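Consider the two complexes below, in which chain A is the common component and chain B and chain C are the respective partners.
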Partner chain A sequence: MNGILNRETLVKWAPLIVLFILILFFTVLEPRFFSVRNLARIAISSAPALMVAIGVTFIIIMGSIDLSMEGTVSVSAVVFAFAFLALGGTILSWAWLALPLAVLVGAAIGFLNGLVHVKLKVPSFMASLAMGFVGTGFALLLTGGDRIRVEDEVFRGLLTERWLGFPVMVYVALAFLLIGWFIQSRTALGRNFYAVGGGEELAHASGLNVNRLRIMGFMLAGVFYAVGALLAVGRIGIAETATGNNFMFMSITSVVVGGTALWGGVGGVWNTLVGVLIVNVIGNGMVVIGLPGYVQDGVLGLLVIIAVVLSTDRKSVSFVK
Partner chain B sequence: MSFIKKYIEQEKVNRRNFLFASAAGLGSFAAAGMFGPNMARAAIADPTIAWSYRNRTNPYWNEIVSGGEAFVESLGMDKDALVHLINEGSSEKSLADVKALLSRTGGELALAIDTNDAPNCRPVVEAVAEAGGYVSTIWNKTDDLHPWDFGDNYVSHMTWSDEKPAEQTARILLDAMGGKGGVVHLGGIASNNPAIERLQGLKNALADYPDAELLAAEPADWDTQKANQVMSGFLTRFGDEIKGVHCANDTIAYGVIEALRAEGIEDMPIVSYDGNPQAVQLVAERKILATVFTNPHWGGGITAALAYHAAIGSFKPSEEPNEHREFYGPTIMVTPEDAVAFKADYLDNVPTYDWTDFWGPTNGQIQYK
Partner chain C sequence: MTLERIKPHLPWITLLALVLIVGAADSNFLRPQNLISMTADIMPLFIMALGMTFAIYIGGIDLSAQSVANMTTVIATVTLPTLGIGAALVCIAAGLIFGAISGYITTKLLVPSFVSTLAVGGVAYSSAQYLSGQRALYMDAGLRDSSFGWMVGKTAGIPHEILVGLVLLLAMLFLQSRTTFGRALKAVGAGELAAVASGLNVTRIKVIAFALSGMLAAIAGLLFSVKLSGGSPTLANGFLLPAIVAVLVGGTPLTGGVGGVVNTLIGTLIVAVIRSSMLYFEIDATMQQMVFGIILIVAIAATIDRSKLRVVK
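Moving on, here comes the complex of A and B:
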């Protein structure tokens, strides 16, 4: 193959093509799928997932993996809700401080995660998975199994207030997507993620403090998880231990389907945006055309395999473990 | 490093004692075994009381266990005296934990348990009966397994039939819709028995409403966020055709209400199930038209109480009629008219139950189809 249709181009644009085909497919079967109101619904369900997926994108670019998102999201959501209610219960009072507090909590969990991974030399998937369980347990300890309702009309404006047909939370997510893109492409931190993912020994040999970078990466991921937690609470008005449920499968699937390679160095936040949209378009579209839920899981599983197959240059990979 | 040496020595001794103790324990089982399983022992003076369940994250199980703790406290013990066996949704762990506790207590055990799935009930019950302990189960049990086949050791089984109550909530919903228009159902995990029964309840009610139609039924896995997304999809697919929403439980209803709020829809008739405190509050505000309370606090307490009192010999299970061995748990319909009173009676102040009134609130013997 050569010209336009070479492998690299295909891999680069495949996720976007898949997204367009899916949209076309669902629209043909049910024209109401492509209405502004439905696109807004897809955007609402995508917004929290996008934040979490962007967080883990940085880690995957480094060639590590982070599975702590469910615990981190739950803890951030619950701490936010408790602080928010304790400080007045409306954004217009001191309760707005709960927003940065939640982000700090996310960063702190990410920092711990990074420390365990780097200093104790625990593989990242194990360190983060364990930290995720710790987080879920801690959130349960805080709530005692109860749900905390966040009723403030101003905060819930994230969902109820709309500009051009889309709720505010969608614009917040877009803003953080741009921040993620800025970090990825315009800062030394972002470029170093790629350097480590592309070849850790090389990066280390050129004087990069890889350990420090990894810890920074996990902190940054924690920040994005916390933003995702805030949007998740904004979406359903409830913070609970279960707030983090499903984010692990959802975000890792999105990142992979979006074309970010699991061994690092390739991909980025725009891939993740496309991946998140693919996953949520399938989730929404299946219900809209009336296919049962298990078909949805099956289709997602197939897409993950196809995505990994496409993004793998099998000539350069000598063995798989 | 001497403290390490000391520790190892200590452990050796402990282990030796443990082995001796186990051997003695086995010996006594063998002796008891000679008199047949049903005469294993007369009464246990001070049995260990344990609850084996999924986990406490789920508000339902949290309520169940709080009932178990309330029962233990009613005996004048600290609530920490209740042993928690948490299976995290694994039948293997459930069984292994029970066996471990049986050998630790030498069978002096009063166990309340949901065995996680129906096939796991038999091995659990057999293990307890063999060791001479006492067990009461809830929810999961195969239809061919009966307490009366195990003499006194399998004390009781309680479950809840959700079909009738779900049918009642469906009627409330359909009446609120004026008896016509489209209904969507958001269900639990598709293979779960309560999920199947609750959907069936809706279908039963629909048979009497020829102008109403079930537009779609989709599993939402008992999950608020999943329900939120499924409801959004329904809104695109059916739009204004949806005149009412039948939810398999309260956590699903929360997601539905928020999906509707995002679209500015505030007056959609919704019914749900479980009677969680927040759902009852929403019923009082007429955001939900009905929910069904199964009193998990009482269920958790009475299940432990049955096993305990059988173990200490307060009553002899084998002398009780079958409807005292296998029975349906209580269900209470909560509607806007009585939500406030219900909340005051059952939720704001947890009633002090008489834990020896084992069968008062129950709903008759279990019927098999």
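Moving on, here comes the complex of A and C:
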């Protein structure tokens, strides 16, 4: 009993401890790491990733997985950019409508995703992977491989306008983190995610419409991916098919490293915040102390495996596919 | 049920129908020369799909195949000047090791294969970036021809890529249908718990399945790099989706246990025909990925064995 308690305590606090150790480690090696400038840099690269990771957190809490984020982000970004330019090209005109439109597109893709998963009874990792491929393909079809520049100064204010040293997009991301936290802890939807993740058959037996819940989960995830797409476009001022690249690996890594178990029922958006920061601190820190950036993917790969192994209760899982 | 009896034959019927449809639209398509060069062009993808078949056959997936192939294009290009034909051995060994690591992490550390292979793929991608110095590399033409020229030459009008693919197919077919490993693989694919209960060393079988997947992905990368005479950490990007599609439309379902390597040959040819048909029907190349994504969804839904999934997560 004592052993289990220890493991649980360790698993609960390990991510935060790892984050502090990493920050300490990089600061000792290179004090510039802890400057406001550099912290802002970390926050900027974390903001879009955090949105996408929060989206997939809800799905993982349900015990499912969503691998469609790259396609969803690309499509939302591209549709946003086209609509934004077509409607006037500045937030101060009707072009602001492109913002909610992008979010709707994200929700629609999530809805399709959920439908394929639930109605065709296809495991979510494969349904969503395939939908992700369709999404990337659709974005490619829309752009024909071109990049679309979004140069409106008001919209780019997400990056250029700074409060207390941090750009607006960081505060936007924090606001959506709070929304995610509200959904997770204060709504029936959030509680039901945990119920399904904790034991689907039980949740079903207690009268929950699990299929409907799953579809809503994927829609909610799609909304957060779209917000991530908007921040990603705000960050570099370009929407293209490649806007979604690398979000899959980054977000799954972040969620798992943050301590949300792949088996569902455990973790939440705060874990994901810690996970995203760990991933981005490692990425930034390695560059700051002079290591080549590409080591990052390898290190993250190892980290994911350690995190999943640590969070797996080996007594309750007999085999995995 | 008649549908159940037709189902195993659907892949080759689909292939035949597609060939006839495209052939009817443009008879140039049916010229033997065209069919042969189409088959030769798809061989790197076929070899990757051949490996993927083993991972899917036991109910897993190998998302690292593309990164491993990318990595071996770099390994092949970097080691060619010093090792000559020995570069092939290094590639094969690297593929085996990366695949076996995925298998070990999946079976021993209980990390689901889509995460373990994604993570191992990240490591392979990093390695490729490191080895290549983040550049596209080119093979010296003379060195390439003296060591690997036999891979891409032609004999009596048949490109050697096809022979390489055929030899690998026959080897894997032998492994699948004539060895105890093949029968054990079938047992694991049909029902893992029953296989454990009957005393099979399931861990070993699954590790070997992933190792084979890694090895064949590596060979696919090697062949591709010889074909293009170079290597880069992103050379084989775009292989993953059609490789999975090839396995599934061939009739090996995501739940494993049925199908096999011959199915994957048929599946790969279906992919090849669809690809060239888009050319003949003048469908924009930018549509291709979307089309394959949709085909993937249809293929999964049509082949998956839902009785094996108690809860669809």
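Quick note on the criterion: the second predicted complex is superposed on the first by the 315 of 321 C-alpha atoms of A that agree within 3 Å, B and C clash if a C-alpha of one lies under 4 Å from a C-alpha of the other, contacts with A are read in each partner's own complex, and residues count from 1 in each chain.
By our rule, a residue touches a chain if its C-beta (ideal position, glycine included) is under 8 Å from a C-beta of that chain, and two chains touch if they have at least 3 such contacts.
Predicted model only: the values in this text are computed from it and were never measured.
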Side-by-side fit of chain B and chain C on chain A, or clash: clash
Residues of chain A touched, compared between chain B and chain C (which is higher): C
Which superposed partner A:292 touches (first chain B, second chain C, both, neither): both
First (chain B), second (chain C), both or neither touched by A:232: first
Touched partner set for A:64, first chain B, second chain C, both or neither: second
Chain B versus chain C as contact partner of A:133, first or second or both or neither: second
Partner chain in contact with A:99 - chain B first, chain C second, else both or neither: neither
Chain B versus chain C as contact partner of A:144, first or second or both or neither: both
Which of chain B and chain C A:305 touches, first, second, both or neither: second
Which of chain B and chain C A:245 touches, first, second, both or neither: first
First, second, both or neither for A:108, with chain B first and chain C second: neither
Superposed model, chain C segment overlapping chain B, candidates 97-105, 169-177 or 223-231: 223-231
Those residues of chain A which chain B touches in one complex and chain C touches in the other: 136, 140, 144-145, 292, 294
Of all residues in chain C, those that touch chain A in their complex: 58-61, 105-107, 109-116, 118-123, 125-127, 129-130, 134, 192-193, 196, 202, 241, 254, 284, 286-294, 296-297, 300-301, 304, 306, 309, 311-313
Touch list for chain B against partner chain A, complex: 56-59, 62, 190, 216, 218-219, 223-226, 228-230, 232-237, 239, 251, 254-255, 258, 261-264, 278
Residues of chain A that touch chain C when the two form their complex: 63-65, 67, 116-118, 120-127, 129-138, 140-141, 144-145, 200-201, 248-249, 252-253, 256, 262, 264, 292, 294-302, 304-305, 308-309, 312, 314, 317-321
Chain A residues touching chain B - in the complex, by the definition given at the top: 30, 32-33, 35, 37-38, 41, 44-45, 136, 140, 144-147, 149, 159-160, 167, 232, 235-238, 240-243, 245-246, 283-290, 292-294
